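Both complexes shown next keep chain A, but they swap its partner, so chain B is in the first and chain C is in the second.
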Partner chain A sequence: MSLTPPRPGGPRPNVPVILDGEEVLAFDGETILDLARRLGSPIPTLCYLDGLSVHGGCRLCVVEVNGDNRLPLACATPVSSEMDIRTDTSSLRDHRRRVIELLFAEGNHICASCVSSGACELQDLAAENDVDHIHYALEFPRIDVDATHPKYVLDRERCVLCTRCVRVCDEVEGAHVWDIAQRGSQSTLVAELGKPWGDATSCTWCGKCVLVCPTGALSFKGRSTGEMRHDPDVIAFLARLRDEGEWIDREEPAP
Partner chain B sequence: MHDIHTIDPVSRIEGHAKITLHLDDAGSVADARFHVTEFRGFEDFCRGRPVAEMPGLTARTCGICPVSHLIASAKAVDAIHAIVAPPAARAQRQLANLGQIIQSHVLSFFHLSAPDLLLGMDADPATRNVFGLMQAEPELVRRGIRLRQFGQEVIAAVAGERIHGKGIVPGGVAEPFTTDKRDAIRAGLDEALTAGTDTWQLLDGIVDGFRREIGVFGDFPTLYLAHCQPDGTWEHIDGKLRVVDAQGGLVVDQLDPADYRDHLGEAANPDSYLKSPYWKALVPDDDPRPGMYRVGPLARINVADRFGTPIADELLTAFRDRVGRVVSSAFHYHAARVLEVIASIELIGRLLDDPVLYEPQVRAQAGINARRGVGASEAPRGTLFHDYEVDGDGLVTGVNLIIATGQNELAMNRTILEIAREYVDGPQLTDGVLNRVEAGIRAYDPCLSCSTHALGQMPMALELLDPHGQLVSEVHRH
Partner chain C sequence: MADPIDLDHVTSLEREAQSRYAHRALVCSSTACLSAGAAGVRAALESDLEASDRSSDVQVVASGCPGLCSRGPLVRVETRGLEPTLYEHVDDEAASTIAQQHLIEGRERAEVSSIEPSLPFYAKQVKVVLRNAGLIDPDRLEDYVAAGGYRALSNALRTMTPEQVIDEVDASGLRGRGGAGYPTARKWRLLHDAVAAPDQPKYVIANGDEGDPGAYMDRTIMDSDPHLVLEGLSLAAYATGASKGYLYVRAEYPLAIERLERAIRSAKRAKLLGRSVLGSDFAFDVEVRVGAGAFVCGEETALMASIEGRRGLPELRPPYPTERGLWNQPTMINNVETLANIPAIVGDGAAAFAAIGTPESRGTKVFALAGSLENTGLIEVPMGISLREIVFDMGGGIPDGRTFKAAQTGGPSGGCIPEQFLDSPVDYEHLQQLGSMMGSGGLVVMDDSVSMPEVARFYMEFCRDESCGKCAPCRVGTVKMFDFLDRICRGDGRPRDLWHLESLCKTVRATSLCGLGQSAPNPVFSTLDHFRDEYLALLREESLAAPAPAGVVDADSLPTWGDDA
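Now for the complex of A and B:
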């Protein structure tokens, strides 16, 4: 399986679409998200990460197509000819705000004492999407922190179930430590079908899950408030090198 | 007629609270109580958190002295890691704590207490506040604000922010100190020192007008507890504790703060969320009051023989020549605060000259090497203890915080009782009486935000109750 996004299917874009009122040309097979990013039209994302398979779970990247009120996911929908795509309408902004508010409501996202404050994608999304109040009753879950791993800490109260860690461990590291157990509001991240992380023998201690975590759910042990820095972009880099056979087919440079 | 007077809210303190004055059947003041009316529960919601988060978490208790919590908490985590922070980190923490002492004391003196001291206890309450003071003495207030800003900038140089800084972390500090920061602080040193010594002259000039207040504002014998170097030099962050009695006699010296439980008990109160720590050896039964001890600026200058800096020591000697070696009137907390501001400015200058401050090694790393750790330091208002227990993975299983204001609680009750007995005459409370009771509390500069773990706005009230606890009258001030 290729880990990098589908390559544009041709030397030049040839699929005519309308993006936020502008007539533009998309590559054949290009997703709406790729098109919008290529043309500098920002669509907020959370679970999507370059270098990983598409999950389509956070519902932040929804867009309007042809005025239809079924909102397709920009990350998972290829463009097709004559699409009229809107990425930024008042109802989309309202929808995204609600999604972000619900993420805050179901966890304990206390920026003031969080290790990832200042380097948190949820925090950034809230700021960029004008979330200054939570209009839902806060759940205040009380879930024990898993600090059994010698190097890392999992705080499920801060987990937004984006599954980046699940995918990176499976698709890039090949260890598949993580899964989502249960359903709906009971959904929870588990290591090796429910073991304490420190007991998970398949974990290679590589730390990629920690690097891609968008919040403070996964962090390096010993980090204090605001000290955590993630590095999700490293995965696109690793995936590209793997796809290009950097480690397998590398030839000695010519003398 | 037997009554209970209530002052509610007590204003111009950090946070808000309520005072009740209990009158007996003869109409004399029988008892006085300082009530803290809100609960925050910090010790509970820290449980289960990774211990490395504790400095940031406990510092969010309050924006008034987050640096004090950062330092005491980081030291407690250092103890759990069983490490010693590198010398440069210790120097930076000292710098931040001195900045914290300056900014907090200056706020207490200029913003909260100076209106009483300079405009008079009986001045119109509508103007007896910092705004009235700005009208009467604009230049004085301006200097106070500038001096507080100096303290805040010293904090920001270490912690990254003036209020909720992140720079003080388990194992040390986040970043090496730079010469740019040194130069910025140095540029303000002279002005700060002049402002400090001028403030001392100002206080010196008006103190004689408060002879009656000095006599009744908590002028009674207690123990005094504070950090102190083995040779008797003033200490604010490292080392051990010294306890002296009202005559200055040594009760205990070089007591390890980690052993505080051997000497300090904590009594819960039925009518206040403030706990009352007490000195165990003096308490034979359930009543904690004989174990009263005081902490904070007054305790620190009573405990220490000297500051170890030239200007502050010269002023301290002159002060002692006038009032004695051990000072018991809580009114002199004001003087102790100003002396500490001056000493702190001198010590900051000395630290900036020390090459150790600029060493690049600023953080020690370790895992969980002890299941319990106690960190202590001198917050502006007195000795602060953070005591954590963790499991083998470093998750917090128990927390106990002993806060300066709590330790002064028994003495504050006694202080307002004595003031009320001196000034209350019959069932009607005059505004001057009301304000003296408040000013007696204010002398301790109580900070209720973390001492009570309280939530939200805390206005203060004064209630007048009869011997059966029935409310007869109350006064609210917001």
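Now for the complex of A and C:
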């Protein structure tokens, strides 16, 4: 799971695959998404974030392999030799567009009044995938904003349930403040099993959840329309340092 | 330490005890008859017998389910030297009549209506899984043993290697009864070859979650013959090298849970479970885990999450459970009915089992017959029987002068089969070709008064309410598909709604994470395939006919994007 180009002398890509008609070489164990990104071929993603575990919930990264009608996820499927991968067929585009429309229909994604407008991954996905109209009736959920935290705000009407915040808090910060409660269309992000965020004593105020949120659901307090900027890529950096043992005190003998 | 049970000894003691009675009265005490008053019937029988001096002549047994639930409560009386009689619709009064006339006076038959064994509902059945259901007391290990129980396990432990057990299951051609029909032996082999972490067990799980609306095959197997499921699970564990088992049962099945737990306790006392099963070096321990009633927890990865105490959400596969399952150890999940076939296969040999059914679908299948039928209840039929035989012979046809319209199989993942396919054989392949599926065995018959779009809406509502919400296409897609169906059913649908419904169905099927979302559109596809006219008749046509006022663009006339997938 590496975005960094191979270093000279390191392992070389040696798995032959076909990516959108071109014969290319993949690294052993590399996912289809890593391969496509490395070679500059964009596959839309939403829930995936480099540095976190794979969730597989947004389903936007589906690709076709060997013409099979089961569509594997690029973010979760390692390449294997001789795969014929298509990332951009008309039926994939249709599927993705419909899923994006569904996400828009589910929440209140009114860009014109959103803190994250201009820096929103959902907005970008819509633009990149030709979503110019929502063909499904909008749900217009009415959920109170949780502004109980001194530094951050949660607006659940803008949440796409990608669980990046849940995972980053659990896997990187180690606090597990967040999780999803209820099921199906009632699914909702909750802090400490349903407390107002401000009362969640396990929250360390680190703000990683806000940094990784793809939409305007989590934001810094005090930002106005279009002023919020997230920074999800910082997690890959942190995860790499962690994996390389950057924070281990090397003076101490290992236990 | 007590010795393990001596099966032959217990059998002869039990037979001897039973032979001391002139009559054995089996009162069905499975869920359907209990809710129809079977407990009162049994009390009435017992108190009438108490009052006479013949109570020591009659053994009153709370038995499992003999199947024809729509005629319950059912009481089966076995009298020495006579064919058994199956009394139907027995209320307290009828119970007294049976006690007086049949059991006390010793008449051949009491003046209470009874079911002839020649009734096609019974005559066409082939019983493998339900062979003891209704004939034994599910709460007594001895009764199960006397009916031949635990012989397969005991023989396998003494004379067969685990590999030989798997080969036998392979030769039987058994396929999973939980829906998808995956070859059982193939799954067993995967677990057999998998290696757990040091000091960790491999796991086998019996899936008794049974969430399909209207289905109760697995419930009946568990509450009518719990030891059969235990024996099947133990054989699976022996064959695959698993040492820990779980019976995952939904909380809505309290009777099945109670009986399984009692079965586990008595099996442990008899050394049929535990550190040394029947004195061998095979160790196997089983626990019941109660699900909280979410349909999705029947999906194997969600089921394992639920056992571990996490939210019941499906996970991405691979890794498959046989590679990494419960607590990251290799795990195998089998449906309850699949496991209930194992003792017969291992005990009587694969050949006898494989002789039943069709080449691709061997053995029998239990169906829960429901809907517009004279006879509803549980049947076990050989694979390959025609739908017509099930509906018209066994089910007794459509009541109230109505006509057959469709048979729904496979529940919310399945489809509706119209009249022109009544003669197709019921097996995995044919049902799939018809746009339906075997599913776990619900079979709902619909007559000509039923609206097919409404049927599709019913199942979509179920999927919408049961979606776990992890993946976007199913979480939101089921809501939207339901909305379109609802609009159409209310007569408010426009032609474009049908187009959007179909295209959305394709996307949800293609992109959902687990089987729930992937198959949620099936009832829509199959009703559209076979009954499209009904949808078209419900659509509002005015929007096409009336010209739009100047300046207003009719949305139906706008091009829609993309060619459909």
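As a convention for this text, the second predicted complex is superposed on the first by the 238 of 255 C-alpha atoms of A that agree within 3 Å, B and C clash if a C-alpha of one lies under 4 Å from a C-alpha of the other, contacts with A are read in each partner's own complex, and residues count from 1 in each chain.
The definition used in the following text is that a contact is a pair of C-beta atoms (placed from the backbone, for glycine too) under 8 Å apart; a residue touches a chain by one contact, two chains touch by 3 or more.
None of these values were measured; they are calculated from a predicted model.
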{"item": "Partners on chain A (chain B, chain C) - clash or fit", "value": "fit"}
{"item": "First, second, both or neither for A:76, with chain B first and chain C second", "value": "second"}
{"item": "First (chain B), second (chain C), both or neither touched by A:147", "value": "first"}
{"item": "Which of chain B and chain C A:58 touches, first, second, both or neither", "value": "second"}
{"item": "Touched partner set for A:136, first chain B, second chain C, both or neither", "value": "second"}
{"item": "Touched chain A residues, chain B compared with chain C", "value": "C"}
{"item": "For chain A as apex, the angle formed with chain B and chain C - C-alpha centres, to the nearest 10 degrees", "value": "120"}
{"item": "Partner chain(s) touched by A:201 [first = chain B, second = chain C, both, neither]", "value": "neither"}
{"item": "First (chain B), second (chain C), both or neither touched by A:99", "value": "second"}
{"item": "First, second, both or neither for A:182, with chain B first and chain C second", "value": "second"}
{"item": "Per-pair minimum CA distance [chain C against chain B, superposed on A] in Å", "value": "12"}
{"item": "Touching residues on chain A, where the partner in the complex is chain B", "value": "112-113, 115, 144-145, 147-148, 150, 153, 155, 198, 221-227"}
{"item": "Chain B to chain A touching residues, read off their complex", "value": "48-50, 52-53, 55-57, 59-60, 164, 166, 169-170, 174, 365, 367, 393-395"}
{"item": "Contact footprint of chain A on chain C as seen in their complex", "value": "294, 296, 311, 315-316, 464-473, 475-480, 483, 500, 503-504, 506-507, 510-513, 561-565"}
{"item": "Chain C-facing residues of chain A, complex", "value": "54, 56-59, 62, 69, 71, 73, 76, 90-91, 93-95, 97-99, 102-103, 105-106, 130, 135-137, 139, 160-161, 179-180, 182-187"}
